[in-house]
Structures are given as structure tokens and as C-alpha cells.
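Written below as C-alpha cells is the structure these notes are about.
Chains: A, B and C, in written order; residue numbering restarts at 1 for each.
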Amino acid sequence: MANDEKNNRGLLDRLQFIDRRYIFIFIALAVIIPLLLGLRFEEKPSPIVLALYDKVDNMPPGSRLLMSFDYGPTTAPEIQPMVDVILRHACLRGLKVYLMAVWATGQSLTVQTVEDVLIPEFPDYEYGIDYINLGYKAGNQGLIRVIVDDMKRMYSTDANGTDIEQVPMMKQVESLKDMDLIVSFGGGFPGIKEWILFAGDPGAIPIGGACTAVSAPQLYPYYPNQMVGLLGGIKGAAEYESHVLDRYPDSFKTKPTPGMNMMVAQMVAHIVIMLFIVFGNVMYFMYRGKERKLAMEK
Amino acid sequence: MNPKTIKLIIFIVILTSIVLSVYFVSMDRDSIREGIFVTSAAFLTLFIMSFLYKDNPYYKFAEHLFVGVSAAYWMTMGFWGTMMPNLVAKLWPGAVRGVLPALAEKDASYWFVIPLFLGLVLLMRLSPKGGWISRWALAFIVGTTAGLNLIRYLRSDFIAQVNNTIIPLVDKTEAGISFWGSFSNIFVFIGVLCGLIYFFFSKEHKGFFGGAARIGILVLMLTFGAGFGYTVMARISLLAGRMTYLFGDWLGLIN
Amino acid sequence: MWRRTVPIMITFIVGTVLVVAEFIPHKPFGNLGEDFSLYFDIIAVFAFILGGGNLCRVHFSKVYRKKTDWQFSIVTLLGFFVMLAAGLFKIGNPEGIQGDVTAAGSLFADLYDSMFTPLQGTMYALLAFFVASASYRAFRAKNIDASILLIAAFVILLGRTPAPSLIADFFAGAGITFMATAFNFVPTLTDWIMDVPNLAGQRAILIGIALGVISMALRLILGVERTYLGSDSK
């Protein structure tokens, strides 16, 4: 009897303090297998995502949209699908797109996005007339503070070194206040919060956000009074992709939907983690029960 | 087996895999350049992931490479993005003729000698004796940050947030009073108030105040639960992103 | 005087001008406020150079003194100088020295894609494994508070995936309608948690942080807080 209990406790011990590498294998498989299967489900947009979609969708052609690339390779798997889908939506609606970066890593991603999405998919979009890459400038919130009043003080040239005064689509733009919508893609510092604090609120400019899931909950207090809408994490990207696909099936049916494609892996991994938590708790309470029983016997 | 022999075998296996990868990717994409760069990205990903097994020289190699490459990346972006067009071109427009011809004919603005001076002073931090003078630049940075943040946080994160919380507790719709809407509005109002009471430590959490603080804790627990859920979501997405690279861009198993 | 009073005066003047400029956005305060922000942006670049310089100093010293793992410091320095040269001289840039430094096809862009991106991306991707491991080992429903946290996390984890509708469809197919209804309700509950309790908690945190930032900014501007000046600042 005592031996059985000892063995039983040994098993509990082992499960309680299992080598974490076994857990790592489960997580890796939970992500890899669904990705290889390539399944995709429709997503229903939540109100906060729909609000940003509606804002972009209702802007008249020729309106100015500033997209700020405030992220890097660390969060690109989450953010890039949002950038791609909003850029496609904006170009489809005929908006003038201003690209810039408050993060140094953002400029490389801006160039990649232009090369991968804008140029091949929207050949009619002309540089300097329909879109411009302003590039990266240092200064974080200090940069936003300057350009909210005078854009050309910081941006004397675009990313290619062209005199900003010679760019047709910059002739009517004096400051950020001339933008009809600013969407910040990021989640860290500086990011959506700084855009709201230093541009949106003082300049009365509509700010939208597309951020990592980690920072999404912290941005809810700004919605809807200080932020028009928010895409939080890959789920936000998937919802936007699904909705835009639903509304513009002809234009979007052949376009990639990385957000929706990742959702199945996301679902399986979430379920595996939930099972781990449940199993860990069951082990913990069984272990604690045994400990108590042993202590009482002593 | 001798540990040295095992290490040597692992090294040979990795080296052979790299060579094979470069060969096959180059063949697949018709470009040796792509073969090298795609293989480099794939193996650096694997080197970092090898830390999950245990710390090892391949992980250390990748980690140290990362530090060097990142520092240089930021320096380069700062140099071409800000220093050349916003400092050098302002002080000596003629000096940038070869790299930024658009700015070469603009008028010089000698006020920019101030940030140049403060910037150089900041670099004095690297000097063993004159490091103290870098405090001037630091003081400027601290002063600017404090000045910028003071008003903006006061307006957007304090006044605006208080304003956003003062909402009608009874949610009236066209169909009448919405029970769920009213409950939510009351929840937000009481939740914010109780959360703030919990953060207020100048008064002991006892009696009514203690009860309110207790409600605050429960609201914060729901908040942290939501935060945890979202954090898991974010981390899984990042892993899925790297896996998509390995199994898609490198191995071609995902379309 | 030069070591303590001057920096405190600089902080005071710059901070005060920026605060006043918010209320009087006209000359001279409006312009000065903008100028100071502009100078701040430029000085930020010198901080990057300082970072690079410091990195070289530390790693050169490590190699010179043959400290533990000094061989890896050579890797750091090599990575640093190769990337720096590729960027500063725009090596392989299709538009030459006048083009965008990040232009596709340049060595800088290739190094970014093949080194910077996988290294930085994978560092963060590793966190998925550690979050899972920590969840198994440390996430315990020991009391009411922890249980509430756990329930909220479970609702979000499930509700932010297509799982609830798939499970609901399964139950609906099996004729268990109340379970189907329950699972169909999960996304609504998720949105409610985010829009109401999460909003309330985050707003309380936000207001608390704002008060902290405001008081710290005041302490800095008025010279009460001097720790940024170093040990001999008192």
C-alpha cells in the first residue's frame, strides 16, 4: 500500500515537474501541422475592427491616408497581414497613401510592402501622385510633435532623396492635420498610443490602429472617442481580410489571406495551451492532496 | 562517444546541410544569391531555436551576430534618415551634394549647431574623463521628454479618460432602456473607480474603501486574464510566422 | 556648477518652454517648442552612434583581454562592421549612393532579410514555447482571484479563434442545442470582456500611469528628481 502510494507520488512528481522540452514539442506540432494542412475559416468582424473598416471604406477617393510602419521583424508575422490588407483596401478605394515609419525597422518593411503589394497589384498607382514613401526619422514622440504642425521641417526629402517640394502629392500637405486618417501599425513604443497623444488629440486627426495582440487590450480605453478602430493581433487581421473578401469578392478572391491562414494554427495552439493549464491544475491539486494526506499521517 | 567527436559530427552535419540547402534553393530559384540568403535566414532561425534544447555555441553565434547587426542597422538608419538630411544638409548644404542633391541648394540654418553640439557632447560619454559633459545632452533629452509628456498625458490619458468614463449609466435606445447596455455602463464606471481606489495607498484598505478596492482587484483580474489570453495569441502568431518561413519560404511545403 | 547646475537649468528651460508652448502656441514659445522637439529628434541619432560605439568598446576589450567566449565577440564585431559598411556605403544599391538605403537588391536589404529578420523574429517566437511551459507550471487556480483570471483567459483564448463556432456546429449537428447556443455565445462574451471589464481595468491603469508620468515630469523639470545625472548629482 505504502509502496503504491510512493509510486503514485513519483508519477505525480514527474508529471508536475515534467521536462519542459516535451511541452515545447507539443506547441511546435500544434503550430506546424495546421499550417501544413492550409485550412481557412471565415471570420466575423468584431465592432472595433468593423469601425476601422468602415472608416477606410467610407473615405472618398483621393482622401489622404497616412500609414505609419511602427514595427519590426519581431512582430511582422502579426502586423504585416494587417498592413497588406489595409493597403489593398485603400488602393481599391482610390486613396492617396502616405507611407512613413517611426521605427527604424519600419522603413525596410515599407519598401518590402511597396515591392510585394503596391507595385505588382496596383500598377496604375503612380509614385509621388498616388503614394509616397517618406521613410524613417528618429525622435519617437518628438518627431510626431514636430510634424503635427509642420511636416516639411522633418521631411525635407522622401526616402529616395527627392525634394519634398517637388512631389505633387505633398504640395497640399503642410502638416499631419491635412491627413484624413492616420493608421499606425505597431504596438510598441512609439506606436498607436503616441500617435493618439501627440497627433490625434492635439490635431483632431482621426487615428486608427493595427497592433500586436499583446498591446491591444491596453488600447481599448481610447476607443471610440480617441481612436476610430483597432485591429488587435492576427485575429484582427483575419477579421478584416474576411470582411473585405466578403464585400469585394471580385477584387480580393485571388489575394493572399495570411491572417485567415494562420487562424487554424492559432486555434489548435490555444486549445493545446488550455489543455496544458487544465492538466497542470489537475496535477497540482492531486499533488497537494497527497502532500496534505502524507502530512496528516505523519 | 567522446564529446569532442559528437561536436565534430554535429558540425559536419550542419555544414553539409547548409551546403545542400544553398545548392537546392539556388537551383529552385535560379539564383545563387537567393540560395545563400534564404539558407542563411533558415539556419539562423534554427540556431536560435536550438536554445530550446539547451544553450549551445550555435545559439551563441546567432545571438552575438544579432547584437552586432542590430546596432549597425539602427546607426545606418539614423545616419541616412535623420543625420544627413536634417543636420548635415541644414548646416552645410553643399556637403550633401553627392548624396542628397535635392538639398544642396537650400539655405543653411546655423541654429542646427545646437543639436550638433549636444549630439557631440553626448558622444563624450565614451570618453573616460570627459563623460560628465554628456549630462548636458542627457538633460536636454530628459527636459524635452518631460515637457512633451506632461501636457499630453494630462490631456489624453487623464482628462480624456475621466471624460470617457463619465457616461450615462442608463442606456436608452429607441426600443427603450437596454438592460445589458446599462449594466455595461455601470460596470465601466464602477470598475474604473474601484480600480483607482485599489491603486490608492494613502488610505488603509478597510471598510467601504476596502470593499471598493476588493472590487477593483476583481476587475483587474479580469483585465489581466484578457491580457494573458492576448499575450498567448501574440506569441503563437510570431511562432507561426517563423514556421511559415521555414516550411514555406525555405522548404516550400506551405503555399 | 558645470556638472550639476547647468544640466538642471537645461532640463528646466527646455521642459518649461515645451509646457508653455502648449498653452501659448505663438512666438517665441510655439517656435521654440517645435525647435526643441526637432533638436531632440536629431540628438536621438547620436544616441544610436553612442550605442554602436559602446558596443565596439565592450567587445574590442573582450577580445583584447581574451575574456570568456571572446570568440563570439568577433562575430558581433564582424556583424556590426559588415552591416554598417553595407548601409553607410549603400553597397549594391541599385540606385547608387543617392538611392533609398533600404532599396530592394542592396546588400543592406539582403542582410536585413537574411540576418536581422530571422534573428530578431525568432528571438520573440521562442516566447511562445516559454509561455506554454509557464502556463503548465505556474498558472494555478489557487484562489478566487486567480480563478477569475483563469476563466477570463480561457474565454479570450477560445473566443478569439474559430473554435466556438466549430464546436457549436458540432453540437447543433448532434442535436444538443443548449451547448450549441452556449458556444455561439462565446465570441459575444469575448467582445464584452474586452469592451467592458478589460476597458475598465485598463483605464484605471492608464489614469494611474498618467498621474505617475505627470508627477515625474514635474519633478524632473523642477529639478527635484536628479538621478539621471548620476551618482555625484546631490
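A few points about this structure:
Please note the rule applied: contacts are C-beta pairs under 8 Å (C-beta built on N, C-alpha and C of every residue); 3 or more make two chains touch, one makes a residue touch a chain.
All values reported here derive from a predicted model rather than from experimental measurement.
Of all chains, the one whose mean C-alpha position sits at the greatest distance from that of chain B is A. Contact counts per chain pair peak at B-C. Inter-chain spacing, taken between the CA centroids of chain A and chain B, is 12 Å. Distance between chain B and chain C, defined via averaged C-alpha coordinates, is recorded as 3 Å. Chain B has residues 52, 73-74, 77-78, 81-82, 86, 99-101, 144-145, 148-149, 153, 157, 161, 164, 223, 226-227, 230-233, 236, 238-239, 241-242 in contact with two or more other chains. For chain A, residues touching at least two other chains, in rising order: 24, 27-28, 31, 74-77, 105, 107, 135, 137-139, 142, 145, 154, 161, 217, 221, 233, 235, 266, 269-270, 273.
Residue positions of chain C touching 2 or more other chains, listed in rising order: 33, 37-38, 40-42, 44-45, 48, 98, 101, 112, 116-118, 120-121, 123-124, 128-129, 131, 135, 150, 154, 157, 160, 194-195, 198-199, 202-203, 205-206.
Partner chain C is touched in their complex by these residues of chain A: 18, 20, 23-24, 26-28, 31, 41, 43-44, 46-48, 72-77, 105, 107-108, 110-112, 115, 133, 135, 137-140, 142-143, 145-146, 149-150, 153-154, 159-161, 217-218, 220-221, 233, 235, 263-264, 266-267, 269-274, 276-277, 279-281, 284. Every residue of chain B that touches chain C in the complex is listed here, in rising order: 33, 36-38, 40-42, 44-45, 48-49, 51-52, 60-83, 86-87, 98-101, 111-112, 114-116, 118-120, 122-123, 125-126, 132-133, 135-151, 153-154, 157-158, 161-162, 164-165, 184, 187-188, 190-192, 194-196, 198-199, 216-233, 235-236, 238-239, 241-242, 245.
Against chain B, in their complex, chain C makes its touches with residues 2-3, 6-8, 10-19, 22, 33, 35-55, 57, 59, 69, 72-73, 75-84, 86-88, 97-98, 101, 108, 110-129, 131, 135, 145-146, 148-157, 160, 192-211, 213-214, 216-218, 220-221, 228-230. Those residues of chain A whose C-beta lies close enough to touch chain B in the complex are 21, 24, 27-28, 31-32, 35-36, 38, 74-78, 104-105, 107, 135-139, 141-142, 145, 154, 156-157, 161-163, 166, 196-198, 201-202, 212-214, 216-217, 221, 225-226, 232-235, 258, 262, 265-266, 269-270, 273.
On the chain B side of its complex with chain A, the touching residues are 52-53, 73-74, 77-78, 81-82, 85-86, 89, 99-103, 106, 144-145, 148-149, 152-153, 155-157, 160-161, 163-164, 223, 226-227, 230-234, 236-244, 247-248, 253-255.
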